[in-house]
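Next up, some structures in C-alpha cells.
Below, chain A partners chain B and then partners chain C, in two separate complexes.
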Partner chain A sequence: MRLADREQDGVIVLEPKGKIMGGPDATLLHDKLHEIIEAGKKKVVIDLSKVDWMNSTGLGILISSYSTLRKSDGELKLANVTEKIQSLLTITKLVTVFDAHDSVEEAISSFK
Partner chain B sequence: MDKPVITENRITIPPSLEFLSEVDSFIEGILRSYDTDESTVADIAISVSELVNNAVTHGQKAASDKAIVIEIKSVKDKVIITVSDHGGGFDPDQLDDPLADENLLKEVGRGLFIVKSLMDDVDINVSAQGTAITITKTIK
Partner chain C sequence: MNSEFIKIIAFTLTGGFLVFLAITIVRDNLVNRLNRITGAMLFFAGLGPLFMAMGMIVSQSPEASVGFKNSTLYNLQYVWELFFPFLLLFSWIFPENRLMGFRYSRLRNLIFLPVILHLFLLLFYRQISGLLGSLKVDANSEGFSRIILIPVERLFSLILFAIGSVRTYHTIIFELLNVLFILTAVYFLESSRRLVTNPRLLTQTRVVFKGIRIGLGIYLVSVIGPLFFQQFFTDAVTSILLVIASATGVGIFAYATIRYQFLDVRLHFRQSFVYTITSALLVGVYILLVLQSKKLLQPLFGAQTEIVSYSLIILILLCFQPINNAIDSFLRSIFIRTRTDHRSVIERFSRQVISLFDPQKLRQIIEETLKTSLLVERVYFILYDDEIEEYAVLLSDDFPRRLPLNRDDLLLRGINMLDSPTYLHSLTDYMENSKLAGVLQERGVRLILPMKDANHMLGFLALTGKVAGYRYSADDFNLLGVLSNQMVTALTNARLYVDSLERARLQEEVSMARQIQLDLLPSSPPTLETANISVHSTPSRTVGGDFFDFIRIDDQRIGIVIADASGKGMPAALMIAQIQAIIHSEVNNGNRISTMFNNMNQLIAEATSPEKYVTIFYGELDVTCGELAYCNGGHNYPVLARADGKVELLKTGGPLVGALPHMEYTSTSIRLNPDDILFMFTDGLSEAMDKDEHEFGEERIREMVSTNRSNSAQEIMDCILNDVRMYDPTYPPRDDTTIISLKLNDMLVPHE
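== the complex of A and B ==
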C-alpha cells in the first residue's frame, strides 16, 4: 500500500492506494492518521477510490481513527467507497457507523 | 526459517505479518491461473489475509517461532485453501459477536466473521499441535 495526503479547504484528505491487509502497510496508515489527530486536525477524509480491498485490520484502523477523532470533537468521513469495501462495511454493520460520500468534494462539503 | 519458501501449491512463512504481501501475491497468482473472476480473487485474498493474521497472532501468543503453511488446490469448480499454524489455538464458540452493539466499535474481533461471510465453507480444526483452517470457495 502507498499513502498520499493533502489538505483541501482545511480538511486533511488521505489517499491510500493498494491493499490494506495488516503488517507494515497497515502500520503506515494507522501512524499517519494518528499523527494528523495529534497535530490537532479535526476534519479528515479518507479517499478509498484506489484501495483494491481491505480486511478486518483495515476496518480496525478506520474504527480507531473514527473513535479517536470523535473524542477530540473531530470527524472522519469516507469518500469513493468501492463496491468490495462497501460490501465489507455492510456485512460487518459498520455501514451504520461511517459517513460515506460519493466524492471527496462532497465529503469536504459535508463538514460545513 | 527466516523467509518464505514456495513449492508448487504451498507457501511456508515465518510467523510474521511482514510476509502477508508475499502470501497474497502467491495466492492471487494461482487463482488467476484458474481463471477466477476478480471479485472472487479479492474475496479469497481477503479471507487468506485474515487467516494468516490470526495464525501469526496465535503463534505470537504461544511464543512459537514455527512456520505457518498455506496450501491451495482446486477441485472441479472449487478452490480449497488450508492455513495451518503451531500456535495455541482458540475456541471458535467463545468469540464475541462482532455485530452486537457493544462490539461494533471494537478494533479487532471480526476477521473470522468476515471469512465465514465471504467463503462457501469454513472448517476449523484446533488440536494440541496447532490450528488448521480450511476454506472452500466456488470459482466462476
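== the complex of A and C ==
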C-alpha cells in the first residue's frame, strides 16, 4: 500500500493505493494519523477509490483509525468505497459505524 | 687471565647492559615520564659498575694510578649515586602515580640535593678549603678586624672542620643515606603495590619488585657487611656482591620488560634489545676464541699451529650463520610464548570467541584480552539493548545494572559516525548536555572503540587509560581496530544464537497453542436425531483464527458457534480461547443471546486494540421443533436454503465483535423445517481466488447450496469444496476456512 495525503477545505484527505493488508500498512497509516492529530487536525477522509482489496487486518486498520480519531475528538469519513469493500462493510455491519460517501467532495461537505 | 680481568669484564658487561636497557626504554617512549624515570634510574645504576671497571683498568698501570684517587675523573664516579633518588622517584609513580595531584610536586627535586652536595664536596673540596682557609686574621689587630673578622674566621674554621670530617667519612655517611633512600623507596613500592588490580600489571610489579629487592638486598649486604665483618668483606668479595646485585637488577628488569610488557615497551624494541645483546655476546665470544686460539693450540700442534689455527678460524666462521639462526629461532619462540605479540593476541582472541555464544562470557573474554594484552585499566561496554530498544551502558557484569541512553544523545550520535578507535577528548563538539559524556568522563574513559557491522552500530567499548600511565601507541590502535571487527562478528553470532533459541522457543509455544486450540475445538460434530451436521476446517497456518463449537445447553437446545478472528497465528488463537470462555460462561449463566453479544463485545473491546476483533455467528437450535434463535456479529451471512428452493440469509445481529465498545446487538428467531439446509462458512471459502484474483464469492456459494439442496449435508459441503479446489488451485487457502453444513430431517416435529 502507498499513502498519499492532501488538505482540502481544512479536511485531510488520505488516499491509500493498492491492497490494505496490515503489517507495515498498519504502521504507515497509524503514524500518519498521529501526525495529523498532533498537527491539531481532526477531520479526515479516507478515499478508498484506489484500494482494490482489503483483508481482515486491513479492516482492522480502518477500525483502529476510526477509533484513534474518535479518542482525540476527531472524525473519520470514507469516500469512494468500492463494491467489494462496501460488501465487507455491509457483512460486518460496520456501515452503521462508518460514514461512507460516494465522493470526496460529498464527504468533505458532510463535515459542515 | 687473572681475577682482576674477569672482574673488569663482569662490571663492564652488567653496567653496559643496564645503560643499554635504559636507552631502549627511554627511546621507546620519550614522552612518558615513567619511561624517563626508569631509564634514568637504570642508566645511573649502570654507571656504577662501568666507573668501577674503568677505575680498575686505570689502576692496573702503576704510573697512572698515582694520584688517580684524587682526580676529578675518579670522583665523578659518584654520579652513579643519582640512582637512589631516581629509585625513590620511581617508587612514587610505579605502579600507581602518587605524584599526581600533589600540590608541591616540584619539591620532589629536593631528593637530588644530597647526591649533588656529595659530588660538589668531592670535586671542589680543595677549592673550598683553600677559600675558607685563606682568611687569616692577625691576632694582634684591633678595631674592625678584631670585632668582625675573628668570629668569621672561627666560623670558617668550624665549617672547614665539619666539611673536612664529612669529607673524611663521606663514603660511610652517604652510603647510609643511600640505605635510607632504599628503605623509603621499598616502603612506597610495597604500599602502592596493594592498589594494583590489573592482572598483567600485578605480574609486572611482582617480577620487578623481586628484582629490586634482591638487587638492593645484596647491595645493602655489601655496604653494611664491612662495618661488622671487616676480615670477611674484602674488596674482592664486595665487588663480586656488587656485580651480582647489578646483574640481578638488569636481568629482572630486562625479563619483566621482555616477558611481561613492563613499561609497555613495543615489541620491536624489546626484540632489538634482546637481539643486540645476544649478538654482542656471540661476537664477543668469537673474538675471544680467535684471539686465544693460537695460545691454546700451541702445545698441541707445535709448528703446525699457524695452519691449524687458520683452518679452525674458517671453521668457526662457517658455523657462525647456523649458530646465529639457532639463537634467532630460540628467541623468536620466547617472544611467541610471551603472547604479547599483536598477531598472537588476535589469533588467540579469535580462537577463543569463534565458538562462544554466551554474550556475557564473550564480554568477559573481550575485557580480559584488553586488560592483559593491551594493559587497559578498565573497560566499559555500551551495547544496543534489544529489550528496551536503546543503547545502554553496562557498568559491570558482576552487578547487572544498566544505564539506558537516549538515542538522541549527542555524543552517541557522534560516536555513531566513527569508524576507528578515537580519543574521547577529540569528540568535545558532541559533549554538550550529553548524559553519555558525563558517564564516560566520570569513569575516566579515554578511548572509544566503535563496533559497527555493515549497516549499524552494535555499540562501542569505552576504554580508560592504560595501567601505570602507559600510553596507547599506533600499534595499539591497529590492534584495537582489528579486535573490534572480531568483536562485531562474535557479538553478532552470539546474538543470532540467542535469537535462534528464542525462535525455537516460540515455535514450541505455537505448537503448544495449536494443541490447546485443537483440544478446544470439538473433535466431531454432535449426532442428532433430527439433523445431520458436517464440519470442515483447515487452518491456514499452524494456529488459525477460525473457530467453531457445539454447546449442549439442555435436552432440547444446542448452541452452534462459527467465528473468525482478525489476523492469524498466536494472537488470533488467544482471542479465540477468550471468546470460547466468554460464550461458555454466558451460556451457563443463561443470558439472552443479545446480552451475550453485548458483553462479549465490551470485554474484547476493552481488553484489546481496535484492530483485534472477531466476526461471530451464534445460533441456538431447538432440535425438537427446529426453532433457531441467532445473532450475527459481522460474520459472513449463513445461507438458509429452504426445501422449496428459496434462499434466506441470516443477517440479524450487529457489527463485528470487539473492535469498538458500546455496540448494540439484537437477536431473532426463525423456524427451520425438515430438509432445510443451514450452511455456515468463514471468509476463507468466499474469498478463495482464481488466477485472475477474482473471488469465489458468496453468490456462488448460495447458488450451489440451493442447487444441491436435495443432497445430504456432507454431500453439499464436498460438492462446494470440489468446486472451490478447481476454482483456486492454491487451495488450501491463504486464509483459514471453516464450514458447518446442517440439514434437518423428517424426525423434526414442527410446532404448530
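Here is the rule we go by: the second predicted complex is superposed on the first by the 112 of 112 C-alpha atoms of A that agree within 3 Å, B and C clash if a C-alpha of one lies under 4 Å from a C-alpha of the other, contacts with A are read in each partner's own complex, and residues count from 1 in each chain.
Throughout what follows, a contact is a pair of C-beta atoms (placed from the backbone, for glycine too) under 8 Å apart; a residue touches a chain by one contact, two chains touch by 3 or more.
It should be emphasised that the depicted structure is a prediction, and the values quoted were computed from it without experimental measurement.
Following the overlay on chain A, a clash is recorded for the pair chain B and chain C.
When the two structures are aligned on the shared chain, A:Thr92 is found in touch with chain B and with chain C. If you count the residues of chain A touched by chain B and by chain C, you find the higher number for B. After overlaying the two complexes on the shared chain, residue contacts for A:Asp25 are found with chain B alone; chain C is out of touch.
In the overlay built on chain A, none of the stretches 292-300, 562-570, 706-714 or 742-750 of chain C clash with chain B except 562-570. On chain A, the surface touched by chain B in one complex and the surface touched by chain C in the other have residues 22, 53, 55-57, 59-61, 63-64, 66-67, 84, 91-94, 96-97 in common. On chain A, the positions that touch chain B within their shared complex are 19, 21-25, 52-57, 59-61, 63-64, 66-67, 84, 88, 91-94, 96-97. Considering their complex, residues 17-21, 24, 39, 42, 45-46, 49-50, 53, 98-99, 104-108, 110-111, 113-114, 117 of chain B touch chain A.
Remark: chain A residues 22, 26, 53, 55-57, 59-61, 63-64, 66-68, 84, 91-94, 96-97 touch chain C in the complex.
Put simply, chain C touches chain A in their complex at residues 545, 564, 566-567, 609-613, 615, 634-637, 653-656, 659-660, 663, 683, 693, 695, 735.
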